[in-house]
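Okay, structure first, notes after.
For clarity, chains are labelled A, B, C and D in written order, and residue numbers in each chain start from 1.
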Amino acid sequence: MKRTFPLILVFIFGIIGIITFIIPHPIVQNLDESIRNDILKILVAFALVLGLGSLLKVHMDKIKRKRENWKYSWILIISFLVSSIIGLFGGVEGAGPLRTSIGSFHFDIQTLYENIFMPLGATMFALLAFYMASASYRAFRARSYEATLLLITAFIIMIGIIPLGEKISPHLPSFAQWIMTVPNVAGQRGILLGVALGIIATSLKIILGIERSWLGGGE
Amino acid sequence: MTLILLTAIFALAPPGEVRAYDTPGDRGEAITIEWQLSQDDAVLDGYEIYRSEDGVDFQKVGFLGRGRTNYEDETDDDKTYFYKVAAVSNTARTLSEPTPQVISSPQWINRTKINIFIAMFLFGGFILYFIYHARKGKELFIRKIAGLQAVDDAVGRATEMGKPILYSLGLGYVEDIATIASLNILSEVAKKCAKYDTQLICPNNRPIVYTVAREIVKEAYTEVGRPDAFDPDSVYFLTDSQFAYAAGVSGIMVREKPATNFLIGYFYAESLILAETGASTGAIQIAGTDSLAQLPFFITACDYTLIGEELYAASAYISREPLLLGAIKGEDWGKLIIGTVLIAASIVGIFTKFPILDFFR
Amino acid sequence: MKFIERLTTIDRRIIYIILVIVVVIPLISRSPERVRVMLPVEKLYNAVDTIPKDKVLIIDFEYAPQDMPELEPMGFALLRHAFEKRIKVLALCLFVQPLGLAQKALTQVTEEFNSVAQSNADSIIYGRDYVFLGWQPPPLIPIIGMGTSITNVYPSDYYGNKTDTLPLMKHIKNYNDVALLVSLCAGSIPRSWIAYAQNRFGVAVAAGVTAVSAADFYQYYQTGQFTGLMTGMKGAAEYEELVETRLGIKKSRKASEALPSLTYGHLVMIAFIIIGNVGYFMQRRRRK
Amino acid sequence: MNISPDPWVWIAALLSLAIFSFLYKENPFYRIAEHLFIGVANGYAVTFYWHNILMPTLFDPLFRQGKLLYIIPFIIGILYFTRFIPRISWLVRIPIGITIGYYVGVSVPATTQAFIIKQIQGTVLTSTNFQAWNAGSWGIVWSVIVFIGVLCSLSYFYFSKEHKGVLGVTSRIGIVFVMIGFGAAFGYTVMARISLLIGRLQFLLGDWLGIIQ
């Protein structure tokens, strides 16, 4: 029961998912639509709440047990609470019951997003430019025939897509474009076809109950 | 020019060959109307679509700009309809002949999608067939993967130099195929480490992956008869943040100077940092991932790289797990079918006028 | 020999500083570059340009802050193009993080148009000219669901209005009323649009993607699954170029302004790789 | 120079610098910024969970419009939380099973069509495909290159035979195409990473310090 019933559910919903593609009849399509709009959409809301809960739990635990760097968890929890209160009661546009401005100073959720979330997220990934530079210098080696081919292609592309390429020769950008649309497509497609077969294999295994790792441990 | 204008004012050519039919492969409640462009299309505003339930009294139901040749009308099922299409300019309007009566209804099968189902059953069938055979214990051949042969040398080298081996499972979750494949390879590496008494360091990013990895390493030590040699601190949870993990592992690479680094699993942008630090300490690096965006960096910064499916094949090769082996075999047959279909369709496509591409819509 | 040896052991911090200098100087000296527009971007531009009056353009804003420099200029250029030609736009997000950026793009571009508008008819009005549908997870629900009914999937918009009360939504039922869907995304979402929305409902899809996934996405452009394709900052600059030269809209062009820095950035990266490899091969030879 | 007087711009700029400080080494400023990032990101998400999802799709229909059938998905959703109650934790498999089943199901025909059948269509050698390149008679050559490239790179990932004989040749040609593909990805990724840095510098030098307009 504890394993069989979920496996039966996966099978039933899996088959429904497959046949909606080929059976246009309203009986199937309406069922499909209500599964999506009335069940899955609501389930995902719960899953999101659950994910949030476990994030907070991890950090509460960290504080309680005074793990390494536990003090920073306070920052996470406080900033989370403050921004949720502003968002929930201040509303999407700052028009909710909670006032989100003092004079010309606004602190509605969109302002927090644009001035805290945005710069932090963007800068974190801007670090990668530096890592790329130092890796270029210290790690990317033409250590084999394959790696050499890879690097040469990369050089052609890197020069072909900047305006300098056009100045060196008008054929260079066209050549870079050709690499992208012809040999690159062939190589990527070879990989894609294999990946797609892999997805089909995994999906069928799950639907038919051969692959059960999603059940997790326990009986 | 004047001539065109004159005809436009006095008489517009009507749209030709107006056809109305129940929209195929749909859920009903729609009729498709098709026509040939009016000869005066260039001077038109567009086309008006008229509908009637009795063939006498026509109501306008839609308008489309010039150059368009079909319209889908919303209808009630099981009612009869007649259609006319008019060519319209700002001064004139010419109606076509009415179409014969037409009824819309829902269909049970969308015929245009049958090719997909044939393909699905073919690929699925092979995969299931081979999994079944593998489970029955039939020997399935998989070729050796180059990166795997390096594992022996890598462990040997570490033993000789008296240095540790570092194994990173990446940032993937425990259900990711790459992580599962990597856990299989970790088991093999751990067995070799146990046998030669080489130190293994395995810092983790995901809590659940960490618990599984720990069990696997412990089991590997037991399996080669050296449970006492297992150091519980060798597999540990480092941090769940992406860049802090990269910084932490880089720190280990610099301090401990492992002889070999294994970077196998699912990686994101931190692959660059890991591979770079590893390369600069002079370690032999064996990488493997199915994250296509990170593969170029592994290929140029590591000594051996398992590319995409090679990683799955390597894990099936090592573990001999029937599920994995069967899937690899089934997918191989899928590739054979794709190759054969490509060649056959191209032969037809080059030498005949048969519209072969229609099979692959 | 000594010189080359020293060249191969430069400290990491010096490399960082070189990179910053190389990127900053062209930014300050401001020498905007023109780009040649490549076919994939031109095709996208033409597809947007020929959207008929009775259909809409859906823009799927799927970029989070970390993809902003590459994809935000695409969003701005697309919106300017659509609003200039009075093409109706539906905006949406499949994840929560991009919402604020979509909102930012929509308010800024609307403001650009409305600040010079003479009359109500000239202005860009919410609900009449565009609708921001907001966010409904998980991604597959809107991708498949909009094939039957857009308002069923999005009962209320980003601002909490009931979507079926908005004038624009009165004529827009499902994908049959959508001329083109452009997904601006750093991940695999454009692939989901073709796999689930295009296959089943036949909607035309185009994509603006980060350069990281560019190589992967060209294959779908080659098959025609993507009507057009913009890749990375270069692709954004090409679209900006078209919007300026063909529509005469002269507004800030963040991507085009970045091209000189990009040029020197690429050159310095190539130089680093070459220097590093020279050192590597010299060492190898010595070991032999 | 025209430094911004807006306090928010200053906050954004200082936070950016706190992240950049990681380049020197991991430090408290970076950790503060990192935790703040996760905190605000989730606070922002909660705002829209409520306003865009829970309200219009669940509470409104259930409590205001009285659609009592919504009780069923509501109860199934609650089952997610049984994972914290060991005795009945297996019930969490019900919502997971429904979700996984449906997604995996729809993915099978979609993957087959978009990533296999359509890709075959784009690779087959026919006059339609030759013309699709917009490259005149070169279109034939491009199509043939793609055709050979796809077959060969597919053969590289064929694991049932040793790479010897014919398969040895095709897989070696295949890996050339695969590496060109990776090279293209490499070149473009360099552009992507530099773009991110440029974007940040445009903000710091422009919006904050006002050096560039």
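We take it that a contact is a pair of C-beta atoms (placed from the backbone, for glycine too) under 8 Å apart; a residue touches a chain by one contact, two chains touch by 3 or more.
What you see is a predicted model, and the numbers here were worked out from it, not measured in a lab.
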| item | value |
| --- | --- |
| Most contacted chain pair (by C-beta pair count) | A-D |
| Identifier of the chain whose CA centre is least distant from the whole-structure CA centre | D |
| Centre-of-Cα separation between chain D and chain A, whole angstrom | 4 |
| Between chain D and chain B, distance of the C-alpha-averaged centres to the nearest whole Å | 12 |
| CA centroid of chain A to CA centroid of chain B, Å | 15 |
| Sites on chain C at which at least two other chains make contact | 16, 19, 23, 39, 66, 68-69, 97, 100, 136-137, 140, 144, 158, 160, 199-200, 212, 214-216, 219, 222, 234, 262, 265-266, 269 |
| Shared interface positions of chain A, touching two or more other chains | 18, 21-22, 29, 36-37, 40-41, 44-45, 48, 92, 113-114, 117-122, 124-125, 127-132, 134, 136, 138-143, 146-147, 150-151, 154-155, 158, 161, 180-181, 184-185, 188-189, 191-195, 197, 200, 202, 204, 214 |
| Residues of chain D engaged with two or more neighbouring chains | 22-23, 34, 41, 44-45, 48-49, 51, 53, 57, 103, 106-113, 115-116, 118-119, 121-123, 146-147, 150, 154, 157, 178-179, 181-186, 188-191, 194, 196-197, 199-200 |
| Residue ranges of chain A touching chain C (in the complex, touch as defined) | 21, 29, 33, 36-37, 40-41, 44-45, 48, 92-93, 110, 113-114, 117-122, 124-125, 129-130, 132-134, 136-143, 151, 155, 158-159, 161-164, 166, 170, 173, 177, 180-181, 184-185, 188-189, 192 |
| Footprint of chain B on chain D - complex, ascending | 22, 26, 34, 108-109, 112-113, 116-118, 120-121, 123-129, 147, 150-151, 154-155, 157-163, 178-179, 182-183, 185-186, 189 |
| Chain A-touching residues of chain D, taken from the complex the two chains share | 7-9, 11-13, 15-16, 19-20, 22-23, 31-51, 53-54, 57-58, 69-70, 72-74, 76-78, 80-81, 83, 89-90, 93-112, 115-116, 119, 122-123, 142, 145-150, 152-154, 156-157, 174-184, 186-191, 193-194, 196-197, 199-200, 203 |
| Chain C-touching residues of chain D, taken from the complex the two chains share | 23, 41, 44-45, 48-49, 51-53, 55-57, 60, 103, 106-107, 109-111, 113-115, 118-119, 121-122, 132, 134, 146, 181-182, 184-185, 188-192, 194-202, 205, 211-212 |
| Chain B residues touching chain C - in the complex, by the definition given at the top | 63-65, 68, 72, 292-293 |
